[in-house]
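Take a look at this one; I'll ask things after.
Chain IDs A, B and C follow the sequence of writing; residue 1 opens each chain.
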Amino acid sequence: MPQTSPRPPRRAAILGGNRIPFARAQGAYAKASNQDLLTATLDGLVARFGLAGERMGEVAAGAVLKHSRDFNLTRECVLGSRLDPHTPAYDVQQACGTGLEAAILVSNKIALGQIECGVAGGTDTASDAPIAVSEGLRETLLELNRAKSLPDRLKALTGLRPGDVLPAIPQNVEPRTGLSMGEHMALTTTEWGITRQEQDELAAASHQHLAAAYERGFFDDLVTPYLGLTRDDNLRADSTVEKLATLKTVFGKGDGATMTAGNSTPLTDGASAVLLASDEWATAHGLTPLAWLVDAETAAVDYVHGAEGLLMAPAYAVPRLLARNGLTLQDFDLYEIHEAFAATVLTVLKAWDDPTYCRERLGLDAPLGSIDRGRINVTGSSLATGHPFAATGGRIVATLAKLLHEQKQQDPERTVRGLISICAAGGQGVTAILEA
Amino acid sequence: MTREIILDGPPDLRRIYATAALKRGADQDRLPDVRVLRRGVRVDRDNLARYAHACRFTFSDRLPLPYPHLLGFPLQMVVMSQRDFPLPLVGAVHIENVITVDRPVSLGDPLDVTVWSERLRPHPKGRQVDLVTQVSVGAQVAWRGVSTYLARGDEHHDAEASEPPSLAPLEGVAAGPTWRFGEDTGRRFAGIGGDWNPIHVHAVLARPLGFPTAIAHGMYSYSRCVAALAPRLPESGVTSHVWFRKPVRLPSTVRLRTAFDERRTLSLLEGVKGDLDHAVVEHTW
Amino acid sequence: MTDLLTTIITSPVAKKAGVPQPTPLRRYEPGAPVCEGPVLVTGTGPYAAQLREWAGQLGLGLAVAPVEGAGTADPTAGATSLNAPNEKVGAIVVDLSDATDPGDLAVLRTVAPSVKRLRPNGRVVVVGTDPAGLSDPAHVATQRALEGFVRSLGKELRAGATANHVLVRGEAWDGLRSAVEFFLSGRSAYVDGQVVRVNDAGGANSDILRPLEGKVALVTGAARGIGAEIAAVLARDGATIVAVDVPAAGESLARVANEIRGTALHLDVTSPDAGARMLEHTRSRYGRLDIVVHNAGITRDKLFVNMDESRWDSVLQVNLRSILRMNEAILRDDGLGEGGRMVCLASIAGIAGNRGQTNYGASKAGVIGLVTSTAAQVRDRGITVNAVAPGFIETDMTARIPFATREIGRRMNSLQQGGLPRDVAEAIAWLVQPGAAAVTGQVVRVCGQSLLGA
């Protein structure tokens, strides 16, 4: 019997990406569905890389807010796109980590030689969110469906209460605590003593960096307009700390409240996709790898009873990732830390620099230390672009890959390295290392 | 003398139906020499989104192939409700439609929509006429639709009727997209397309007109077919031809079977049990 | 029901009232005969015999000119005699490239009966010798006279028929054949009253149906209108397309690129590295670049005295400066290769001028200068550089012009209609063929012989 031997893993290259401009909810994409957004995004990617009619190894993508009819969302989008219909696809969902997790899945299959190329992505629309019937109505309807006779049906209907007919609109609330993500974050913000000033500074910088990146044409080959929108419409190029300081707080209680609509991400509609492949596939298609996805780590925290902040999981994932790769926190040229809230970024940075926290929570002998702030989110992040949950990962992966490629061209002899950290609902954090 | 009727906005179809419902059609063998047009029409984004989602097209700023028919349809009604138009407005059956796209049309394009009638001719079961809809951007005809309507009446056994191509390529195509059209399908599509012909609205209104139930709009069934094929079709330089057979009674479940060729698709929309042929759709490019 | 209708006008049918109705133009269909036959090839010039043979090979059917009141002496076997009074002719080609004396022009008179029988969408092509290479006054005058004849005849022809003029310089059979084929075919539907010079460069299309097979073509401004049509037509003729447009036009650009299985490249042609990025893209994806069409352009109309700096600058930057700058990269030795083709979009406004378009007119006239000088520079490398100058072309831009103005614009030419983006694209598709190697430094107007700019 011939025996198969495992192939040695190889690198998965990031060849580029595409996203549509992100739109504030109920705005430019108010009438578009997740399927519309992701299909448009895939078609933009197809055009940029000449993939019309090409069979990809797979497309992995997902949405956080999803209609039940979208159970096979990604495959439906592939079938509606200009990709070869023989391209398999599946849905991924890991809250705000969806896009990055999808990229990790695709890159792992490439690394193992199971596929040669693939697309990872995500989409979300807060405008076209699924509205569910109330639990009472749902149970009644299911009962009605099971009832065989007319009396049984009538009996089922008697269980219905007036309040049951009101629809349940999805909320950004943790099911186990009943707290919104912002309320969770406010607890952590207070615990770590993150000031309003710091948060507003970070928010203003995000807008300014994003605006500058647009101005220099950085997004020319990362974004394809959709429904007439050419730039993220949450972007306020003239954002300043002074202007942000005038906003009222929306999360937290009393005088200690620091979180505003300006230093929190708004509800947003959008989609993104990343093209990954083996080096061989890239060469055969005349495409230059921008960077390689070399490793990833996902962590989760027990936030339910307050032992840890909901969005602190990346703090745990990163040291594990560093240890496995023999790196320190300072060994990176660029950092992409998802700005769910300005305070999210600030707390995790503070935590990594805190000897007690690092020792007691992360089990480290010494703190990871501080990071050069000039290397974080250099082309802006979610506070400026907005945050269509599942689309954020793809936005960040493509952006960082291109940034690393730019740095590599400046200094071809050196390995340039970037770190991605994305916090997600459910107390999860997805992190990854990119190299060029 | 060609009369030109220039409209500033879409006509109110409910009023046309209300006033023309009892009209029998003028007793003559000539078509009125009239053209109805609207200039500078802009597509309504929300309506486009509703249409796209109802028919399962991807919503973007490019108009789906059949969509301009919705812009022309009210103008067709104006032509057909002219006092001297020889066919009755209500009761005329849409039996065939040919759409040719010469250039793709986008949401922002200013469109000139012109409709006229031509080729009044006998049909084995009565008389048929073509309503031509032309959509131009500037003087460039971007989209052209020819809708053939049949009014049942005196039979003409030697008259020619357009026959769909042979369905032989479909032999061996065992499956295809299957859709459930609910009882409210007609009302929902009327809300989008504006065709409130009572036969589509409700069984109660359809019965006096000879239908046991309400029936789906031909344009709806056809749009679903085109949407299912859209990713495989070019966006311009394509001709889409539908022959409507038996109407889709609501509610019902239908299936689309398609044979793909290099520059052609041939599809049959049929009852899911395969017992009723609803429409034959052919695309060539 | 009149209350529904805001305006009802009763108008006579334009045709009955004597307003000329435009004839639908015959446009190119791959695989269809070059033109309707039969073709009458006549004249005293040295190419007449070759042209006759070539037309026969194409299966067009040859015609023999009617002879005044005589029995038919038929010199060509199988040719259609035009002595029957109702016999139609599809095209007339007259070679007078040997004419040296005004008296030699009398040959033109002999085709008059055939012109009378020209089919709708018929063609007249007159072959001459480029007077620029001649010195004897009588010789120059005679050859120059042909141009005046062609331009005047173009204005007399009806029903979509056109008259055009090919000038040869040297042993120019390949170029002549290519130009005559273009003028006979539907590719030149909206080209009328034009003069094209062909030199002695040799070249032929190896694949008739897909003459651009294997070529990589880059088209700027490809997201909409004329640019999108150029991309589609070049793709139809076999080229692989890199479709370029500004990032803001990306949604349309993606559709254009996907439909023809090309790639979309988002860039602003005015950015300093635009040329380098185009080269980088085409070289890395396809390993070569054969054809560049500089189509991107903008208008910012204003009367000269009211023109602000930004209108002036932006138009000159996008329409002219950007091409000069991109060409620095594209025409380097490692850029457009041997046998490369470049076409720039000029405009009738750059030839005749247009009120409110001092900036645009200047930029487009500049393009013509750029084309003639660049053509001379790169001729040794087998690269041709030409301009196509559209007249009134129906696009979503012209659709925004008020109806009456638009109607006047589209009628002010011999064909009495506006052209289509496709007509511009077809002219370009011809100029970039391998077979059109002999055509360089030319400005081909696609204007239906506009009354503007002669």
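What we mean here is this: a contact is a pair of C-beta atoms (placed from the backbone, for glycine too) under 8 Å apart; a residue touches a chain by one contact, two chains touch by 3 or more.
Since this is a predicted model, take the numbers as computed values, not measurements.
Farthest chain from subunit C, going by mean C-alpha coordinates, please.
A
Between A-B and B-C, which chain pair shares more contacting C-beta pairs?
Answer by contact count: B-C.
Roughly how far is subunit A from subunit C, centre to centre by C-alpha average, rounded to an integer in Å?
51
Centre to centre, by mean C-alpha position, how many angstrom separate subunit A and subunit B?
Chain centroid spacing, subunit A to subunit B, equals 44 Å.
For subunit B versus subunit C, what separation do you get between their C-alpha means, in angstrom?
Taking the average C-alpha coordinate of subunit B and of subunit C, the gap between them is 39 Å.
Would you pick out the residues of subunit C that each touch at least 2 other chains?
Where subunit C meets two or more other chains at a single residue, that happens at 251, 255, 259.
On subunit A, where are the residues touching two or more other chains?
Where subunit A meets two or more other chains at a single residue, that happens at 40, 82, 226-227.
Give the residues of subunit B that touch two or more other chains, as numbers and ranges in rising order.
Each of 60-61, 108 in subunit B touches at least two other chains.
Under the definition above, what is the set of subunit B residues touching subunit C in their complex?
Residue positions touching the partner: 1-9, 11-12, 15-16, 19, 33, 39, 60-62, 78, 81, 103-104, 106, 108-110, 112, 136-140, 234-236.
Within their complex, state which residues of subunit C touch subunit A.
243, 247-251, 253-255, 257-259, 261-268, 271, 284-287
Quick one: which bits of subunit A touch subunit C in the complex? Just the residue numbers, please.
Residues 40, 43-44, 46-50, 52-53, 82, 217, 219-221, 223-227, 230, 285-288 of subunit A touch subunit C in their complex.
Taking the touch rule as given, give the residues of subunit A at its contact with subunit B in the complex, in rising order.
For this pair, the touching residues of subunit A are 31-33, 35-36, 39-40, 79-82, 85, 226-228.
Using the touch definition from the top, list the residues of subunit B that touch subunit A in their complex.
45-46, 49-50, 52-53, 58-61, 107-108, 230-232
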